[in-house]
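Here come two complexes built around chain A, the first alongside chain B, the second alongside chain C.
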Partner chain A sequence: MLTAFTRAFRTPDLRKKLLFTLGIIALFRLGSFLPTPGVHVSNIQQCLGQVQAGPNASVYSLINLFSGGALLQLAVFALGIMPYITASIILQLLTVVIPRLEALRKEGQQGTAKITQYTRYLTIGLAVLQSTAFIALARSGQMFPGCNLDIMVNDSIFTLVVMVITMTAGTSVIMWLGELVTDRGIGNGMSILIFTQVVAVFPAELGRILQTKGGWTFAVVMIVGVLMIAAVVFVEQAQRRVPVQYAKRMVGRRMYGGTSTYIPLKVNQAGIIPVIFASSLLYLPQLAITMFGDQKNPNAVVSFISRYYSSANTGNWVYMLTFFLLIVFFTYFYVSITFNPPEVADNMKKYGGFIPGIRPGRPTAEYLSFVLSRLTAPGSLYLGLISLVPLVALTLVGASQNFPFGGTSILIIVGVGLDTVKQIESQLQQRNYEGFLR
Partner chain B sequence: MSIRERIRRFLQRPGTVDLGPLRVHVVRANELEPSVRDLADADLGARAREARSRGDLGEFCALMREGARRALGLRPYDVQLLGMLGLMDGRVVEMATGEGKTLAGAMAAAGYALNGRRVHVMSVNDYLARRDAEWMGPLFELLDVSVGWVGQGSSPEERRQAYSRDVTYAPVSEIGFDVLRDRLRTEADRRVVPEPDVVVIDEADSVLVDEARVPLVLAGAAGVGAADPALAEIVRSLRARRDYEIDDEGRAVHLTSEGIAAVERALGGVDLYAGGDNGVISAVNVALHAHALLKRDVDYIVRDGKVQLVNESRGRVARLQRWPDGLMAAVEAKEALVQTESGEILDSITVQALISKYPTKSGMTGTAVAVAEQLREFYGLEVGVVPPNKPCVRADEPDRLYATRGDKENAVVAEIVKAHATGRPVLVGTLDVAESERLAMRLRASGLSCVVLNAKNDAEEAKVVAEAGAHGAITVSTQMAGRGTDIKLGGEEVARLGGLYVIGTGRFASSRLDDQLRGRSGRQGDPGTSVFFTSLEDALVTSYAPDAARMSFTPDEDGLVTDKRARWTVDHAQRVAEGANLEIHRNTWRYNKLIELQRGVLLEHRDAVLHGDAALREMTVRCPARVEELTASVGEEAVARAARQVALFHLDRCWAEHLAFLADLREGIHLRVLGRQNPLDEFHKAAVAAFAELLPEATARTAETFETVEVTAEGAALADAGLRRPTATWTYLVQDNPFGTEADRLLRGLKNRVLS
Partner chain C sequence: MIVGISIALIVSSALMILFVLLHKGKGGGLSDLFGGGFSSSFGGSSVVERNLDRLTIITGVVWFVCIIALGLLLRP
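Entry: the complex of A and B
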């Protein structure tokens, strides 16, 4: 991998792309620190320090994780990449519902360009909503409960409007930065920016562990983290190759065995989605009791939930077991939706492909289902365990609240990291392949 | 520039440039016009050359105009001079039909040639290359610029001569094939195409966009085809829908379980899908493809006992084109014809790679703005729009949409009868050969005499086109008359009747093709009318908007549909088709980029062998004893030649095998998406690894052959190895990602869950 990087930096064209990407990342981080006009910077820092030591620390560290610390500082890029991601998900879902959008999507590049344009408009809309809501929250003092300092210089309507406009503009700039990386840099812009935000909080979090828990805990955390990353990289790369032969061409003297044609089935075919689904679902019970539950005289359900499912206490076995089971369930669910064996078998049949020894159509679909279910079993266990390891291990050493190597962040880091390295490699193969030859 | 003009330009589609600044030269040319009238013929060329080298474009324009007036009897309009200047500026100029692109292109070619450059004028077909070269010949002669043309039938000697001229007219495919053949020469002095310099592309959108979808592939004969007539017989007995199914777009066919069982029974109880050697199942699939997907008189015609391919986007016979991978033999078996030699891919080139070798590029067409973005993305070319000399007054009527194909055909015949009754000339554009003949038969049955122009009678093309604008003429044509043909109205009377009436019997796969057909009428401010008759059963609609079948609407008693949604569907289907074709183009390019690079490395190596003694040096290292022995018996020069011949043979052989490997790899690469991998990246990975072994493998094989081959004073006796000449060409298509992205699959999966 190191050689790949040095080679990449020696290719002028590629070096430009890499430096461009790094430059965008730097710009992105700068915007995440730059306070929005009207924010009382020193007060906000004090409040932040207070809540991070307080009882709800884990909620705040989660918020920080995905915004790279920008949100709680009310930075220009406070909203981060999320409005854009939300907007693209909404539009993708809408294509299922609205025939006009589906028709556009079918029209190829021209149509997709239009949909992208709609996504951008929606992003702006969402950004206005979110920034307004967030500034209203900050103004009413509910952003940092228990901290009574004024986090805004004044709350005249003019200041508020300026803040909303600034944050919305910031979101559009982020959107543009992401698209720039996709077009002119390396890797997928959106993923790179998420990656940046996730990684950005690491140094601070690790520093805090070192300060509050001491060198030994720090060392253990580091070792566990590195081991986990290695393990995740290993499993993410693992795949089962189902050989496929295409038989629609008559070519004299085949000199090759056709070993390059196969269906790669990954052990972790589902990626990170099940973990995200499971963790968001686990916030629901707590949310439900905060909104509807009677806190003063808790009944059995409410007390059970607040005892086992509060985000302040994720180290208990009920939480862990539920989390684990949910991940396993969602893995199966997701794989069954995205990999549809009859459809794959149908497509292969259509273009003259078959798995040697297995007849096309139903038998092929059944075979693929069989292989897939055998792979999904270890895959789902792996996802579940990876997500639990930090909870278990760090409850043991007593550092669970601030541990940055959560299952989600590791999967994001490794996923995006691997993708990006692969893209660099692929770029090398497109250009610098002579380097492989001579 | 007026404010209105500025706003119009601001709103114009991206990828276009303003040709306005060039107008000053045209203005100056008008001032200078009287002063060049008295020049002697002999001085004209020299003055033009001198004006060109001084960079005085105004005077150059005036001289060109004078030259064209004297040599051709045509005085170029201002807009033609503007078009010429745009071409000399390296743009793609959009000029409407009948505005004299040919003359503008010829003057621009002369402009480059007078500056000491070598110009290739690329056209879409033989007919246009030859017509334009001969028509413009006097102008070039007057200017002392030599000109030549190349066609499908040209011999190597004729080609070499044509390419040695200052200006060469040739179809893009011929230039491509000559470049490919040159790469396989085993003698340095046999090459025909000189270093590329300037290219002026006629019908630029057709060449650069439509033709670029599939690479030009050079194939060499590899023995007689081996399609089993018995297999064709078995396949013939299969029934559609029961034994086999054809996909929506009509590009793929496959056996059903019943079909598999029937074929296995007929073949004597074999298991087709056992794996290992899949020769039998491949032969069955190919025979089925030939039987179910390739239709006589649509995809090919049978002439003189031979199968001849019809080019889809041009409607012409592609004489040297053949289907790949045993399909040709299967079609011959289907038609019970004598089987010709089957081929093997020797080399291929994309139109894009071919064009990019020219340092200076320019082009002209009637429909460029619609593809301006693509021209910029793929070729870095900008489009400049030249306004018409006289405004176009042709009436383009809205489509008439019918529910069924039958209703549409009745309506077309009725419309032709009505128009013909007034004596107005009618040009009918049909989608394929079979349709043109069916329509002609119906017209004759209703007592109308009509002329048919299609791939079957292409020899009479010039005559048919010349008479198409005459009083009372009815011309039924395929795409052949859709481009480049200039139909002149037969006099004042015809103009009074409303000019040429163009009727399209269905929308083409791209709106540009529609516009080209419309453009046959209304040249130079002539009156004219165009209308398209479409139906919801047209192949375009059923292939690209299959949902249309479920639509509810009420046609009137003639079957005419006025429902707004139904009409929108036709446009939508065309846009989907355009999008799909763009995707194919982009994929062709993405998958060929690396191959182009690898070819570059190989060619560099090959040139070192061809022009030097790299082969001999390599052999001296590898097998010194053999070299010594041979040098003693036949002399050093003969040994060097033998080493070169053997090395070239194996290099070409290994390259052909590499291409075959890549074709095979490409076919199944879309499956990688299922493992969340990027097919293109995976393709690159495998291709790079395979290529890394190519040169060492070629050297090893060369050494092996060199040790054993018989060497005489003439060189190595490679006859046994069977060095072959390239004889055939073909094209193929592969779909990239039929599963859609992961998000697509997720959505589709959810939709299915929810709905079922």
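Entry: the complex of A and C
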């Protein structure tokens, strides 16, 4: 393992890429600490301390998870990559609805590039919206409920506009940094930036558990965490290989095909996207009642929502069950978007491939979708169970919502980590055969 | 002074957004965000792209300096 690391650094082009990636990460973290001009730094620190000790610590957990604590400090990179993720999710959903986008996606590389460009425009739009919303929240003092200090230095419109524009530009810079890493560094830039932000809050969270709960709980949490990482790695790597045989054919004087390969169907084909979808959807009911609901004399719906779906009380069974079901649903939904059996079967037929024992064309598509839906069943259950772990831990140990080993964060860490190591590995193997993974 | 740097910050922010949007998007959406197949970028960058990179970096530095300067000036 260690020799592989030194070898990675001894390979010149790989070393350049690794150092470049590390440099971008350092820049990114620097921007996450740099406060936006106009923010009252000492007051915000005081408010942060108050809120984290209070009962509402989990309100912004999801967004804060993706911003690595930058959001609550109103840093320049406060929005993090959340706007980009939201924009990608929106466009992904829209490809099902709008025919033009679907046509673009089928066009191949050029169409995908166009969709990416739309995603970038949408990201900037969302960034303007979100930064305005957060500045407004911070100005009215709702960002830290129960903290009466002024977060802004002054309330003039000009300062606020400067802050909004700075944060929006910050988001575009993040987008560029991510693309630079994808282009010249190692791994997929966006996911590496998410990874950085998730890992950045880790030591603080662990330290808080050690401080508040004592050594024994800390040890148990660590052991459970390592076991969970092992389990997640195991499931993420699991795949079913559907064998495909290609027929030999002559084109001119050349012989093509005749190889046998396989289609790898992963158990968890959807990645962590269902979890992100589900948790962002579950924030909606609460948001709706705080905006439109009548708090004084609530009717049945409002009291039901505020009883079971408030983010301060996620340990109840209604919330957990809804979360679980949503994840299972979104897993199937996302797999059906990303993997299209008739299309795969068509492509195979075009190049003279077939699954041994099954006719090409429609029977193949049916077989593939049968296998896929059976594979996705355990995959979705696994995703649901893993994401419930922090909620269960919340009720059992009383850890905070950002419980380090659980749910979204562990899936992100393992997924991105595996992916990046695999890429470094494939770069290493251009020079020597032994890599990290045996 | 504060107003001047604020205006500089607004201008450089707008330029920054513009330059970033002018770049060709390299990250391919959400599907390869979390463990898709890894896509290799074909070919080097063109002259236009390289000059754009240079411009973006210069604007970025100006933007960064403006933020720090304004942050120091606005400190209560």
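Keep in mind that, in the parts below, the second predicted complex is superposed on the first by the 338 of 438 C-alpha atoms of A that agree within 3 Å, B and C clash if a C-alpha of one lies under 4 Å from a C-alpha of the other, contacts with A are read in each partner's own complex, and residues count from 1 in each chain.
Simple rule for what comes next: a contact is a pair of C-beta atoms (placed from the backbone, for glycine too) under 8 Å apart; a residue touches a chain by one contact, two chains touch by 3 or more.
Worth saying up front: this structure is predicted, and the values here are computed from it rather than measured.
When the shared chain is aligned, no partner comes close enough to touch A:R139: not chain B, not chain C.
In the superposition on chain A, A:R7 makes contact with neither chain B nor chain C.
In the superposition on chain A, A:Q423 makes contact with both chain B and chain C. In the superposed pair of complexes, A:V162 makes contact with chain C only, with no contact to chain B. In the superposition on chain A, no contact is made by A:K213 with either chain B or chain C. Applying the stated contact rule after C-alpha superposition, one finds that A:K349 touches chain B and leaves chain C untouched. Looking at the shared chain after the overlay, A:L91 reaches chain C, while chain B stays out of its contact range.
Of the two partner chains placed by superposition, only chain C is touched by A:S172; chain B is not.
Within the superposed three-chain model, A:R29 lies out of touch with both chain B and chain C [touch as defined at top]. The partner that reaches more residues of chain A, of the two candidates chain B and chain C, is B.
Chain A residues in contact with chain B (one complex) as well as with chain C (other complex) are 92, 271, 338, 422-423. Those residues of chain A that touch chain B in the shared complex are 92-93, 95-96, 103, 106-111, 239, 244-252, 254-256, 258, 260-266, 269, 271, 334, 336-340, 343-344, 347-362, 422-423, 425-426, 429-431, 433-434, 436-437.
Interface residues of chain A, counted against chain C in their complex, comprise 34-38, 40-41, 76, 85, 88-89, 91-92, 112-113, 115-117, 119-121, 124, 153, 158-159, 161-162, 165-166, 168-169, 172-173, 175-176, 178-179, 182-183, 188-191, 236, 271-273, 338, 412, 415-416, 418-419, 422-423.
Those residues of chain B whose C-beta lies close enough to touch chain A in the complex are 222-223, 226-227, 247, 252, 254-257, 260, 273-276, 278-279, 281-283, 285-286, 289, 324-327, 329, 342, 344, 544, 572, 575-576, 578-580, 582-583, 593-594, 597-598, 601, 657, 660-661, 663-665, 667-669, 671-672, 674-678, 680-681, 684-688, 691-692, 695, 735, 738-739, 742-743, 745-747, 749-751, 753.
Residue ranges of chain C in contact with chain A, taken from their complex: 3, 6, 9-10, 12-14, 16-17, 20-21, 23-35, 38, 41, 56, 60, 63, 67-68, 70-71, 73-76.
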